[in-house]
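In what comes next, chain A is part of two complexes: it sits with chain B in the first one and with chain C in the second one.
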Partner chain A sequence: MDWTALELSLRLGVFTVAVLLPVGIALGRVLAYRDFPGKSLAEAAVALPLVLPPTVFGYYLLVAFGAASPLGQFWQAAFGRPLVFTFEGLLLASIVFNLPFAIQPMQRGFEAIPPEVRAAAGCCGMSPWQALLKVELPLAWPGILTAMVLTFAHTLGEFGIVLMVGGSIPGETRTVAVAIYDRVQAFDDASANAMSALLLAISLAVIALTFAFSRRVGRRLG
Partner chain B sequence: MGHFAQSARALVRLAGLLLLALAASPAAAQADAPPVVAAASDLQVALVEIAAAFTGETGRSVRLVTGSSGNFSRQIRQGAPFQLFLSADEDYVRDLARDGFTRGEGALYAVGRVAIVVPGGSPLVADGTLDDLKAALADGRLVKFAIANPEHAPYGRRAEEVLRHRGLWDAIRPKLVIGENVSQAAQFAASGNAQGGIVAYSLALAPQLAVRSTFALIPEDWHSPLRQRMVLLRNAGPVAEAFYDYLRTPAARAILARNGFAVPGEGG
Partner chain C sequence: MAGLEVELRQEAPIPLDAAFACAPGEVLALVGPSGSGKTTILGAIAGTYRPREGRVAVNGDTWFDAGAGTFLPPHRRAVGMVFQTYALFPHMTASGNVMAALGHLPPGLRPGRAAELLARVHLAGLEQRRPAALSGGQQQRVALARALAREPAVLLLDEPFSAVDKATRLRLYREIAELRAELDMPVVLVTHDLDEAAMLADRLAVLHRGRTLQTGTPEEVVTRPASAEVARLIDQRNVFDGQVIGHDAVRAVTMLDWAGHRLEAAFNPAWSQGSAVSWIAPDGFVVLHRRDRPSRGEHENPVPGVIETVLAIGQTAHLTLRPDHDPRLPLHFSVPLHVARRNAVAPGVAATVSLLAEGIHLMPPAA
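Right after this comes the complex of A and B.
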């Protein structure tokens, strides 16, 4: 059992969720309520990681973050270490490939709020911020929770992109999913077994909890 | 809305925890983290042993990553933070040195051999002359045969050379399963998912493989030599340098020799 890899995966998941929570609320809300030119394209771009092969994504990220890219060079100059094959690079990749898992459920959550309710909030003299905090977020909560859980679970499970932009460095970019691959190649079936079983249990538990929770919240708010 | 208020409080608490975690993030501890050593997968067993001996002797440790030499070479060009690269082939090291990614030309640390590995219960026989493989191809015993990817894994390229030398390459191509590196090819073969494979001798000797498969060495003049060169990369720190030196000590050379490598003479 590779505890370093497990800790790394959990940390990556928590950080990804922390970044995508505000981003998802902002973008999900815009996509739910606003109409603007090119909205379909924007929604398609958000959904892209769902259908694009991880290798395509990994390749483009490698090109975009790599030592020869402007972003890679800026990062190297600013922080004195490369962006690819580091935890920070992995986090950036993780944020990008989790966009649909964070934004789509939140968007659905905001869309489910009846327009009259939002209009009433405006009539009551609530500012947009008050309306967001006191009316919209409480009602969109199940969608937001689902988004956070899916993002977290998906981060634990992502493999292809992590392998391509991460390089499997212990304690830095070797996540549990990559460590399993590594252990299988090293003929270490015992570790591969233990980690696979643990990942299976975590994933199932997390998703079952969300379903149970959103059902409860749904009943209370519905 | 009481429920939401509760959830919101929980969220604020979570955010607090996150900030704490961020403060303790790995970037802060980066400076004294053990250096990352990228090594060809044929070193999978030997290098773990050498690294343990190194730690025992110096109290310092390294982080090992194993994979195909070609992949590592590409990753180094893309800026991977490795400090020492142990290639299964000297060409990758020379190319990196020429393009300024390394400190000098490095040193030859081992010469590898290839072996045919046959899992228990396979219809093949571990025969280093490959006569049985040839017969198996003719009589249909062979369904799948594993080698590493000849495009970027030196052992894959040597496997191809050996098969070409015996005139088997064209016939065996439809049956090949290609491992991403030689360790994966060995895993394919030893697990019984392929009837056999041509892999690193050092892996065939590994205890995990030896319990479930048999092997035979293939004559080394059937392929170009696997001259394995290591080199310090430009950002190498003192621990990586110490490990590089340690790899040339008699203790480390003995471990390499025990794991199926020919060890070059002094100054090689």
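Right after this comes the complex of A and C.
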């Protein structure tokens, strides 16, 4: 059992969720309520990670993060270390490939709030910020929670992009999914088996808990 | 100026050409068919919709002035709004919903004030219920209490009675009528129901495709519509074309030709001899003659014909008469059911009605 890999996977999941929570709320809300030129294109771009092969997506990220790219050079200059094959690079990649999992459920959550209910918040004297905190977030909460869980679970499970952008450096970029692959390659079936079972159990538990929770919320709002 | 002043104009996306005022304590009903822009106009007053041109001012404060670029968002306008679907916050209790509009009070005072407001709309004891656990009428009352909580300078009611059953609606009418005495702000009521408007409002503004066609008391609008279009919009069915034959100042009548039948209308010399007009005879001014005592010509504007339909609704019989001089121009009127029975009114029988001259109202010819 590679506990370092498990710890790294969990850390990557938590960090990804932490970054995507505010980003998803902001972008999901804009996509739900605003009309702007190029909105369809923006929605398509957000959905892209769902349809592109992880190798294609990973390859482009690798190019975008590489030492020859403006982003890679900026990162090297600012932090004194490269972006590819580091935890930071992996986190950035994880944020990008999780965009659809974070934004789409949140967008649906915001869209489900009737326009009159949002108008009522303003007519009750709430500023846009108060309306967001007191009305929109509590009502979009099931969608936001689903987004967070999907993002977390998907981060634990992602393999192709992690391998492309991060490689398999113990303690830095080797996640559980990569470690399992590594163990299988080394004919260490016992370890692969244990880690696979654990990952399966964690994922199942997290998703089951979410379903139970959103059903409770649904009943409450009936 | 005290009260609400509204002036809105735009060509697209929703055509608007509306102007009206509403004094403190006055109830103004915006009436018109669905799609006539009523809800859009309320949105423009509340600040949830921004029209291209126009002005909205309340008690001298400008909320919207396209020329000056002024547009206050809803939370900066002292407005109370009851939405058609109530739009209660489903995750808050009745009390929480009302407290959500009490942001101007210190937090410690809000629960007490919310309880007071809920008691005022007869919901004492239900403060801790969520909207899902309240009936439609109760939700409607919470919405009203919430709209009043902000101590609004204008109260807006968007089809507030359309989603409740009739018994609840009648009860709510009475409660609104009672509450009115205590309200000192302008109240704008949107409805497509003319009876409701006539019952609750001091004045009506008739809207069609975003235009205010006529503003006046319910009686004025119903008996003296400004045009045939208004007459049709307020469901006035006896709208006909005619021609002014002449005036008789001595007898104070204006003579009218109605498809070859001569009628006398209230004296109105503004219409020159020979001019084409539209005219109406509102229901209350069509009088059925007793069938056992045939008219000998002493009645006002007798119109003989054949009864086509008799429809009893409650204690009222709604009748249609095909006039003998032109059966293509049916007259609609109603009489108490017992009158219809006593006169043995039935489809196919001959009957005569009088069109009372004072009720015949002339309008510009329909386009």
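Methods note: the second predicted complex is superposed on the first by the 222 of 222 C-alpha atoms of A that agree within 3 Å, B and C clash if a C-alpha of one lies under 4 Å from a C-alpha of the other, contacts with A are read in each partner's own complex, and residues count from 1 in each chain.
One rule holds in what follows: contacts are C-beta pairs under 8 Å (C-beta built on N, C-alpha and C of every residue); 3 or more make two chains touch, one makes a residue touch a chain.
Remember, it's a predicted structure, so these values are computed and weren't measured experimentally.
Q: Taking chain A as the common reference for superposition, should the pair chain B and chain C be classed as clashing or as fitting?
A: fit
Q: Centred on chain A, what angle do chain B and chain C make, from Cα centres, as a multiple of 10°?
A: 160
Q: Quick check on the superposed pair: does A:Pro138 touch chain B, chain C, both, or neither? Answer first, second, both or neither.
A: both
Q: Applying the document's definition of touch, where does A:Pro82 land relative to chain B and chain C: first, second, both, or neither?
A: first
Q: On chain A, which partner touches more residues: chain B or chain C?
A: Result: the larger residue contact count on chain A belongs to B.
Q: Between chain B (first) and chain C (second), which does A:Ala18 come into contact with in this model arrangement: first, second, both, or neither?
A: First partner only.
Q: Given the touch rule stated above, what does A:Ala119 touch, chain B (first), chain C (second), both, or neither?
A: second
Q: For A:Gln130 in the superposed arrangement: first (chain B), second (chain C), both or neither?
A: In the superposition, A:Gln130 contacts chain C only.
Q: Nearest approach of chain B to chain C by C-alpha atoms in the superposition, in Å, rounded to an integer.
A: 5
Q: Overlap the chain B and chain C contact sets on chain A and report the shared residues.
A: Shared contact residues on chain A (touching chain B in one complex, chain C in the other): 134, 138, 220.
Q: In the complex of these two chains, what residues of chain A are touching chain C?
A: Going by the criterion above, the answer is residues 114, 116-117, 119-128, 130-131, 134-135, 138-139, 220-222.
Q: Applying the document's contact rule, which stretches of chain C touch chain A when the two form their complex?
A: Spelled out, the residues of chain C in touch with chain A are 43, 46-48, 73-75, 79-81, 83-85, 87-91, 100-101, 103-104, 130, 132, 146-147, 149-150.
Q: If you look only at chain A, which of its residues touch chain B in the complex?
A: On the chain A side, the touching residues are 11, 14-15, 18, 62, 66-68, 72, 76, 79, 81-88, 134, 137-138, 141, 167-172, 174, 182, 184-188, 217, 220.
Q: So in the complex, which bits of chain B are touching chain A?
A: 1, 3-4, 7-8, 15, 18, 21-22, 25-27, 30, 33, 36, 41, 44, 63-67, 75, 77-81, 181, 183-184, 186-187, 190, 206, 208-209
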